[in-house]
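Please see the structure below; I have some questions.
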Amino acid sequence: MITVAVIGAGRMGKVHGGNAARNPNVKLKYIVDPVAAAAQTLAKQLGAEVTSMETALADKEVQAVIITSPTPTHFDFITQAAKAGKAVFTEKPVDLNLERVNAALKVVADAKVPFMVGFQRRWDPTFRAMKKQVEAGAIGTVEMVRVTSRDPYPPPPSYVQGSGGLFRDMMIHDFDIARWFLGEDPNEVFATGSVLVDPEIGKLKDYDSAVCVLKTPSGKLAYIENSRRAAYGYDQRLEVFGSKGCLQAANASPANYSHWNENGIVHTKPHAFFPERYVEAYAIEIAHFIDSLVAGKAPEVGGEAGRGSLALADAATKSAETRQLVKL
Amino acid sequence: MITVAVIGAGRMGKVHGGNAARNPNVKLKYIVDPVAAAAQTLAKQLGAEVTSMETALADKEVQAVIITSPTPTHFDFITQAAKAGKAVFTEKPVDLNLERVNAALKVVADAKVPFMVGFQRRWDPTFRAMKKQVEAGAIGTVEMVRVTSRDPYPPPPSYVQGSGGLFRDMMIHDFDIARWFLGEDPNEVFATGSVLVDPEIGKLKDYDSAVCVLKTPSGKLAYIENSRRAAYGYDQRLEVFGSKGCLQAANASPANYSHWNENGIVHTKPHAFFPERYVEAYAIEIAHFIDSLVAGKAPEVGGEAGRGSLALADAATKSAETRQLVKL
Amino acid sequence: MITVAVIGAGRMGKVHGGNAARNPNVKLKYIVDPVAAAAQTLAKQLGAEVTSMETALADKEVQAVIITSPTPTHFDFITQAAKAGKAVFTEKPVDLNLERVNAALKVVADAKVPFMVGFQRRWDPTFRAMKKQVEAGAIGTVEMVRVTSRDPYPPPPSYVQGSGGLFRDMMIHDFDIARWFLGEDPNEVFATGSVLVDPEIGKLKDYDSAVCVLKTPSGKLAYIENSRRAAYGYDQRLEVFGSKGCLQAANASPANYSHWNENGIVHTKPHAFFPERYVEAYAIEIAHFIDSLVAGKAPEVGGEAGRGSLALADAATKSAETRQLVKL
Amino acid sequence: MITVAVIGAGRMGKVHGGNAARNPNVKLKYIVDPVAAAAQTLAKQLGAEVTSMETALADKEVQAVIITSPTPTHFDFITQAAKAGKAVFTEKPVDLNLERVNAALKVVADAKVPFMVGFQRRWDPTFRAMKKQVEAGAIGTVEMVRVTSRDPYPPPPSYVQGSGGLFRDMMIHDFDIARWFLGEDPNEVFATGSVLVDPEIGKLKDYDSAVCVLKTPSGKLAYIENSRRAAYGYDQRLEVFGSKGCLQAANASPANYSHWNENGIVHTKPHAFFPERYVEAYAIEIAHFIDSLVAGKAPEVGGEAGRGSLALADAATKSAETRQLVKL
């Protein structure tokens, strides 16, 4: 049984807190959030207490924290929790600044606490089954990876402003998936972005549509496409090509039927957005974190996943700005 | 909050008990099973007490029972619980004998307790979404219904012996679905069965492969196919044809990807069997039972569903034996 | 090089005549049709001469006739051509009366001329590839066959009147396919029909919707569904279940893309009707007839295909009328 | 009726010659090929005469030439035929050198003869139906285009040597499709290539795997992926994303069924390679050329298609070599 404090009572706090509370190996003790009403509502719902970060970290019973607070707070909370000897799960990104990411990872390493970053797609049953197939040699040597991510609609400009830009906010998930399937870190990055969806995003010097091409030292290629708009729902697809074949993940739908009518053979739409699409992945992710702590093993998807994907996002941002290939 | 006793600690006891225990509106108080070890294991796992049927029914706090014990015990447990004023959820079938079903339903009606039968497919998100489409007129007037059920492998002869035969044990689920989508009770039944999978099943005078055709007074047609074998996994499909189009449910898979290789475009197999295929349906089913009790409304899928599907199963059994159309 | 006369300049005359004219092994010499204008138009288009049946049969150069005239004329034209020593290809059905079919087949047998019946679905590349898979043991022993045929819209009552009824006119193609895949002649037939599409069809004592179940001596089962209406286009599907798996033919579309939009993932509709759906099958069918003559081999799909499918259609008609199982 | 000479009796000569010979509006008069045996075989098969280029061009009856000879001969044959006043259809590419392409187009323009380039994918029924949907506004404004081309196996090094490289030989078709669907000429090109399939290709300074990203002045993006290997067959897919949805072309298969077995749901493989995949496109392409001549209209897919796609191929080649974005 692992005693846990959840930091942040917003959208991801509810998701991770709920999964922790339902996990038979978790005692969810605390909810921490400066917004008292949010903290209390969630704590009541999950049978936990509201407290402060200081109290939570001072409590010897607390073995792990799950950080779901806003990105700018991640660095402080990660380092404080690590120094207090707590195992740390943090929502992505570790930070928007690569130097601060490296600094945080150093604190974590020095503290020798378990550390895990919330790239939930790694825990999606479909993507994970594909990864196992790749490892089993089902497609021979991996040659190309295609990652498609389209959000159903753009975020509000207020969100865009503090997001670090499309490559660090949205495509970072795709960089993580690409790295995972390439099995090798890219050393060449080319990216190009456009404003095709919302001119407000352009005014903030960000893009709403982008394509990125990655190349590894051995010549493997990955290409990622992002858009902040998809009329047909949340688009999350993956194709991995190898010397002996390819693996393709289709979109998933909440209902799995088709309506054959005068317009055509109409299959149901994909899930609306990420909370629906990755509901299983989020539960499995937290279960893995807890199971790792119970077993005394380092969790998968640790600091290097956070660092490596941000390095690619930084390179892509620079490439799009300079219209140059960026070498790593 | 509804206080519940689960009767039966076998496979379905675990499924329904687990869903009840996870339901925020349920206090799972008792597990009842003559096999003490099974009862204790499940009770411990779900945080409940082991007790006898008598004690459970005598406990004023208990508001509802969930019956998952073997079929021959259903009648007694349903009627005892109803007379004790408890709301009753029972796994299908109510009984294998139509007269006893009618008798049980009379006791339930006289006791005026909520009553629900476990036809879990009605709660599958895909089938339910299709039903809503039909009700919304998406395919006009329903004309034909096709229900496909194939088990991955045959049950052991020991199971077959007490099962009531293929039509009452397996096809009864399909009759329930057909009735639901036809929206009208069939009055003509033709069925034919074969022994193509396991000769032992034939020795027990049962079939392992069967087709049944239903016709309603207004001329709607349904056809159902059953097999006790499917090399590719659990096959659960549905097609509903209407004047303006049709709705089709495909099989669902645990992972949703395809492997393109020298053999073809290989999609992942369907779920292995019913516990995997209907995991969501089972949870939604128990949630509906509890929500109905909380709201003071009669649950859907009550006694008439149990009676109507058994009447069709009886007619199909007779038709297959006599090689005659049976009229109802 | 085979010299051919085409009998009938209507819809099927154009289809078969065109395929014959384009066949490099055919000299298309004559078009025969009592409607002079139709005969002349087609003859001009295909570079043939218009003549009478008598002249065509008297011409020693003519080696084969392709009969596409109305069904009531088939018997006379088949027997006349056979007696004149010509190879005969006839559109289905040989005749609507089983005794006359037997009589025609006897004339053909006595004359020892090649004889082929136009069940074009046998030549569809998809169905044929599936048959080869079955023969290669890909699904083990065949256990069940499902054949689905839905026309996009009902025929006019004038057509229905002389058609022999749904089972002899429409389902006869499905009986042929079922026989082909069962590999064994059914000896039990149950059929039921309804009038759900067009009341005029009911006034003519015919059905527009029907289901038929076939059983063979070894217990194999086939079930066929027909409707004279499908809002989504021409529905031609086939499922063959065996001990080791199943084969399924999907519908084919003239264009193979999907439109992902706010309504769903919309695949293109199936072909509009049989001339579009079976365009390849018709060409391969005539090529097979000609190739057989060139090679001096009996063509596939001979008289027994015509007789066997009509016998099932007769039995189904009787079953639907009497509401009894019919044994053969 | 258009009198035609086919130049070249190799693979594409057979394809285009056959389609011309079967076209009811064509009199196929000549086959021209320095390899006498090839010319004679094809001429005999198609009912044409063998002659020399000079004779064919001097023959007043000849109205059009179809050039299928090796790429290095295209320039001379196009310009000679144009100067002789013949309509010209040429296989792609016009030439591998952009200046020579421009020179050829000038000769053609001065001669005012109809001119068409063989980008057969434009005539594929699926791609053309998608283009019509785009033009009809089905997906709103086009934002991104994805073109996937994978050959089943690499060409022999001897072919690679004279091919102009992957971008000019293979991806040129994809550039043509991208230009068609973007509706706007890209002015930024980034490409990167690898040698992952056959080291011999690398020794020739070519690539066997490549990704290219295009951007138009208005910010539309296209990305193209090429590989000289695909274990699952010829991979030809297209996705066009717009503000209101997307259109996706799947691969086409010679047989359209699936085999459900213990390995999964196995759909049939795509076509083996381009002659099978584009059989309809080739026939429609030649028919369009002939119909344009009959109607006195300029054929679609003229010189600009040849020039524009080569310009992109040149830019992609340069980008891959220099590892720089290339601006046009």
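Should a chain be cited, it is by its letter among A, B, C and D, assigned in written order, with residues numbered from 1 in that chain.
Operating definition for what follows: a residue touches a chain if its C-beta (ideal position, glycine included) is under 8 Å from a C-beta of that chain, and two chains touch if they have at least 3 such contacts.
All figures in this text were calculated on a predicted structure; none of them were measured in a lab.
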{"item": "Most remote chain, CA-based centroid, reference being chain D", "value": "B"}
{"item": "Which of A-C and C-D has more C-beta contact pairs", "value": "C-D"}
{"item": "Repeated interface matching B-D, over half of the contact pairs identical, chosen among A-B, A-C or A-D", "value": "A-C"}
{"item": "Distance from chain D to chain C - Cα centre to Cα centre, in angstrom", "value": "39"}
{"item": "Chain A and chain C, separation of their C-alpha mean positions in angstrom", "value": "57"}
{"item": "Set of chain D residues in contact with two or more other chains", "value": "139, 231-232, 244-246, 258-262, 268"}
{"item": "Chain A residues touching chain D - in the complex, by the definition given at the top", "value": "139-141, 143-144, 146, 150, 188, 190, 192, 194-197, 209-211, 213, 215, 219-221, 223, 225, 227, 229-232, 241, 243-246, 323-325"}
{"item": "Chain D contact footprint on chain B (complex, rising order)", "value": "231-232, 258-270"}
{"item": "Parts of chain B lying in touch with chain A, wherever the complex brings them together", "value": "22, 125-126, 129-130, 133, 138-139, 244-250, 252, 254-262, 268"}
